[in-house]
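What follows is chain A paired twice: with chain B in the first complex and chain C in the second.
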Partner chain A sequence: MLEIGNLNAGYGQVEVLKGIDLEVREGEIVTLIGPNGAGKTTLLLGIMGFLNGLRGKILFRGQDILHAETEAIVGMGISMVPEDRGLFGPLSVSENLMLGAYLRLQGKGKSKEDKAKIQADLEEVFNLFPILKSRLKQPVGTLSGGQQQMVAIGRAFMSKPRLLLLDEPSLGLAPLVIKEIFKAVTVLNQNGVTVLLVEQNANLALKLAHRGYVIENGRIVLTGTSAELLNHQEVKQAYLGKSHEAG
Partner chain B sequence: MFNLSVLLQYLISGITQGSVYALIGLGFMVIYNSSAIINFAQGEFVMLGGMIAVTLVTAGTMTIFGAGLPLPLAIILAIVVVTLFGILFQHLAVRPLKKSPVLMVVIMTIGASIFIRGVAMLIWNKDSFSLPLFIEGKPIPVFGAVIVPHYLVILGTTIILMVLLQLFFKLTLVGQAMRASAVNRKGASLCGIRPERMVKLSFAISATLASIAGIIIAPTNLTSYDIGIRLGLKGFVVAVIGGLSSFVGTICGGFLVGIVEAMGAVISSQYRDAITFIILIGMLLIRPNGIFGRKTD
Partner chain C sequence: MKRQYQFLIAISILLFLVPWMLPNRYLLNIAVLIGIYSLITIGLNLLLGYAGQISMGHAAFYGIGAYTVSILTIHFKWDTFTALCGSLLLVGIIAWIIGKPILRLKGHYLAMATLGFGLIVEILLNEMMELTGGPQGLSNIPKLSILGFSFSDDFRIYFLIWGLVMLVQWMMMNMMRGKMGRAFLAVHSNELAAETLGINTSALKQAAFVISAVLAGLAGAFYAYSLNYISPEPFAFNFSIMLVTMVVIGGMGNLWGPLIGTALLGIIPELLRGFKNFDIAFYGLLLILIVIYMPKGVVSLLYWAVDKVSKAVKGGQ
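After this line comes the complex of A and B, so read on.
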């Protein structure tokens, strides 16, 4: 579904991504792990069209999106939940969620069928995160970190993505909340959403994902199934150390 | 010395003027919310609204382009022209400065307002004009004062526009998308919203509000090439009272400035403007975020 070939990216003089080769196949959950500053977020931003000066190949379902605009990429079926969640603080939970369906509500989203589908997707979000139902009118900025993450994921889901990019969803969240969120991601995946997950918490990420890539200093240094990576000597030493939670 | 009906007369005038100030202030607020800049050319959009309408309505040799269109058509055309001009202004003057510090953009708008004023002076000289009253009728007596029917047109128009604006931002998808884009551009992009388009839309809305303000006051106030300075500044004062963020605050600010100004005229018509600006300075000293503003800068 997503093919990245020899991707290079830089901010000014600094090369942040060097020759990245990465693949996400339909139906998978793929995780990208690595230390701070390795380029994980940069890669996601690059896929979503936020970066200039990208060189290489990014194909989504066969289409070249290397130079595509962010809004067009969203329209093609990729959604991202950024590290800071990118929510609209003063707007309510329901407004945030509905804006996720912005492209669907425009243009051909006017028919009764489409509106019903959007409503059904909203119900799906509430199935995943029941607590949001009781917070519909609240400004999103007043919610707890975990609930905000739920809204962010829910909003991304509302654009009916085929591929969902998640940037460090566990950041700053309590273990129980992380569990709930990761469970929701599993359900989404089972319902047909392919996932590319960037995580610092390698343990959780590898338990959730089918396959993984390890990135260090802008390069992919290792790849394999999550079982392989969980048992890999260097991965264990560097990223799966006893209760070393970064951040 | 003062009797109640004189006071009431000033009050009526003040409320009516105030509603127009509120409209202009809302124009400042909409642009500020979507792009974090103060568009000091806003006053010129107000001026252009009235002046273009006058030009379109006037037949004969009074102006260079006397066209003699019926009033409703002239009004609609003037609004459309100024709105398009607002979009053009954003595209040509504001957008290229995207990466510049905000202060530079603000200074640019001040320069633009001087430029627009200069061009207006070349076209229309320093003459004063007015539009015909929208509705004829005898002044309505109210407790010893009178309400000119056109004042009701002004108040009615401004109130309807304010309501429509609120409904637009709260209930329509585009309105919510604009609010979203103003709060978080990246988040908006991730929803498929184009922030650039939303900014252009905000300029269009502000220009529409401004031109309507300029048109509805043209019958009862004289319009000329330089009315934009005063109206723009007063609109800015009003927007500041509303903290550049509160819809209700801006409206209250409008009526506040209008009434205070009218009362100031009771005291001294020469110092009327000075009184208004002293209030602004006082406000910024006491509550830099405006009476209704939020805590953020």
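After this line comes the complex of A and C, so read on.
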């Protein structure tokens, strides 16, 4: 579904991505793990069309999107939840969610069917995160961190993505809340959304994902199925820590 | 939102009665001028309060609108209504062309660039003597007439302009209620996130810039048609600052803010005339007090009052 080949990118003189190869197949959850500053977020921004001067190859469902506009990329079915969640704080939960469907509401003469579909997707978000239904009119800025992450994922889902990019959804959340968020990601995946998950919390990410990539200093240093990576000596030492060995 | 529309109807009725309540012609002229300024500030609020982009050069669009209709009717003998359409088109095209590069800038840089544009236009108005008449300006601009109906006296001009203001206000309310309004607020609140949702933020900013410029051009054309005389002075840099002040004092990002701010800043100088030479000092003091105690603009006073009243009503029941 997503095919990245020999991708190079940087900010000015600084090279951040140095020949990335990565593939996400339809129906998978793939995770990209690695330390701070390795280039994880940069890769996501590159896929979304935010970076200038990309070199290499990015194919989405066979189509070249290396130089496509963000608007077009979203229209093709990629959606991203940014690292800071990127919510519109003063706007209400329902306004944030409806903004996710922005492109679907674009253009004149939207039929009742289209609107009904959007309504149905909204219901699906509420099925996933029931708490949001009771907070519809509340400004997103006043919600807890976990609820904000729910809105962010729900909003990304409202664009009806085929591929969902998640940038550190566990950041700053309590373990129980992370569990809930990750469970929701699994449900979305079972409903047909392919996921590329960027995480620092390697243990959790690998337990959720089918396959994983390890990125260091802008290079993919390791790849394999989640089970392989979880048992890999270097990964254990560098990312999983003692708690995993004990468990 | 329903209350907003009720408010619009109430204001419209009030404005309809105003000309009969004003004791003299002079005050009617001021009411017309406030209407003209309101057209600009409503548009500027779209840019400033909703799209989150500053412009320190909107007086230039106001000036281009005024000068274009004047030049087209005086030098080229165009019919007044055709000249009006031509001037709006020209302002729109100019705004579109300069908006493209300028709106890539942010914050102070955008302020500087728009300010520069305003100064360039100001200089051109002064120096292009053959067309603009230079510092002396142009006189004998005809009255606007549409399909044979001439807006020849102040009453007619008043109703035309305030009718338009209410129409523009209504259109703005409709726009902000829907998808477009949400998109503007999204861009203002978090530009990157807005883009991840497929919102074309640069197109949206560009649209706000062009719409606000065309409204300023429209105001300029009406200014020329109602005063029948123009000079570069009212379109200078000072007025650009005045426009931003009106929006900020009234309350930016609120649909009623610009109308309130414009009315206040239009009326206050008249009320301060009793202070003779000290009026400027009082004016400045008032602005400082408003900014300190009502950072969200005078419109917040209105919301506070409505809240109090509705609580009192509920308490009484």
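Simple rule for what comes next: the second predicted complex is superposed on the first by the 240 of 247 C-alpha atoms of A that agree within 3 Å, B and C clash if a C-alpha of one lies under 4 Å from a C-alpha of the other, contacts with A are read in each partner's own complex, and residues count from 1 in each chain.
Keep in mind that, in the parts below, contacts are C-beta pairs under 8 Å (C-beta built on N, C-alpha and C of every residue); 3 or more make two chains touch, one makes a residue touch a chain.
None of the values given here were measured: they were computed from a predicted structure.
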Item to check | Side-by-side fit of chain B and chain C on chain A, or clash | outcome: clash
Next on the checklist: According to the stated criteria, A:G37 is in contact with first (chain B), second (chain C), both, or neither; which is it?
Outcome noted: neither
Checklist entry - With the two structures laid over each other on chain A, which partner does A:P130 touch: chain B (first), chain C (second), both, or neither? => result neither
Checklist entry - After superposition on the shared chain, which partner residues are touched by A:G172: those of chain B (first), chain C (second), both, or neither? => result neither
Next on the checklist: Looking at A:P90, would you say it contacts chain B, chain C, both, or neither? Reply first, second, both or neither.
Outcome noted: both
Item to check | Common interface residues of chain A - those touching chain B in one complex and chain C in the other | outcome: 48, 50, 70-71, 74-75, 79-80, 82, 85-91, 95, 98-100, 102-103, 105, 155-156, 159
Checklist outcome for this item: Listed in rising order, the residues of chain C that touch chain A in the complex are 179, 182-183, 185-186, 189-190, 192-200
Checklist outcome for this item: The answer for chain A against chain C in the complex is residues 48, 50, 69-71, 74-75, 79-80, 82, 85-91, 95, 98-100, 102-103, 105, 155-156, 159
Checklist entry - In their complex, what parts of chain A are in touch with chain B? => result 48, 50, 70-71, 74-75, 79-80, 82, 85-91, 95-96, 98-100, 102-103, 105-106, 155-156, 159
Checklist outcome for this item: In the complex, the residues of chain B that touch chain A are 173, 176-177, 179-180, 183-184, 186-194
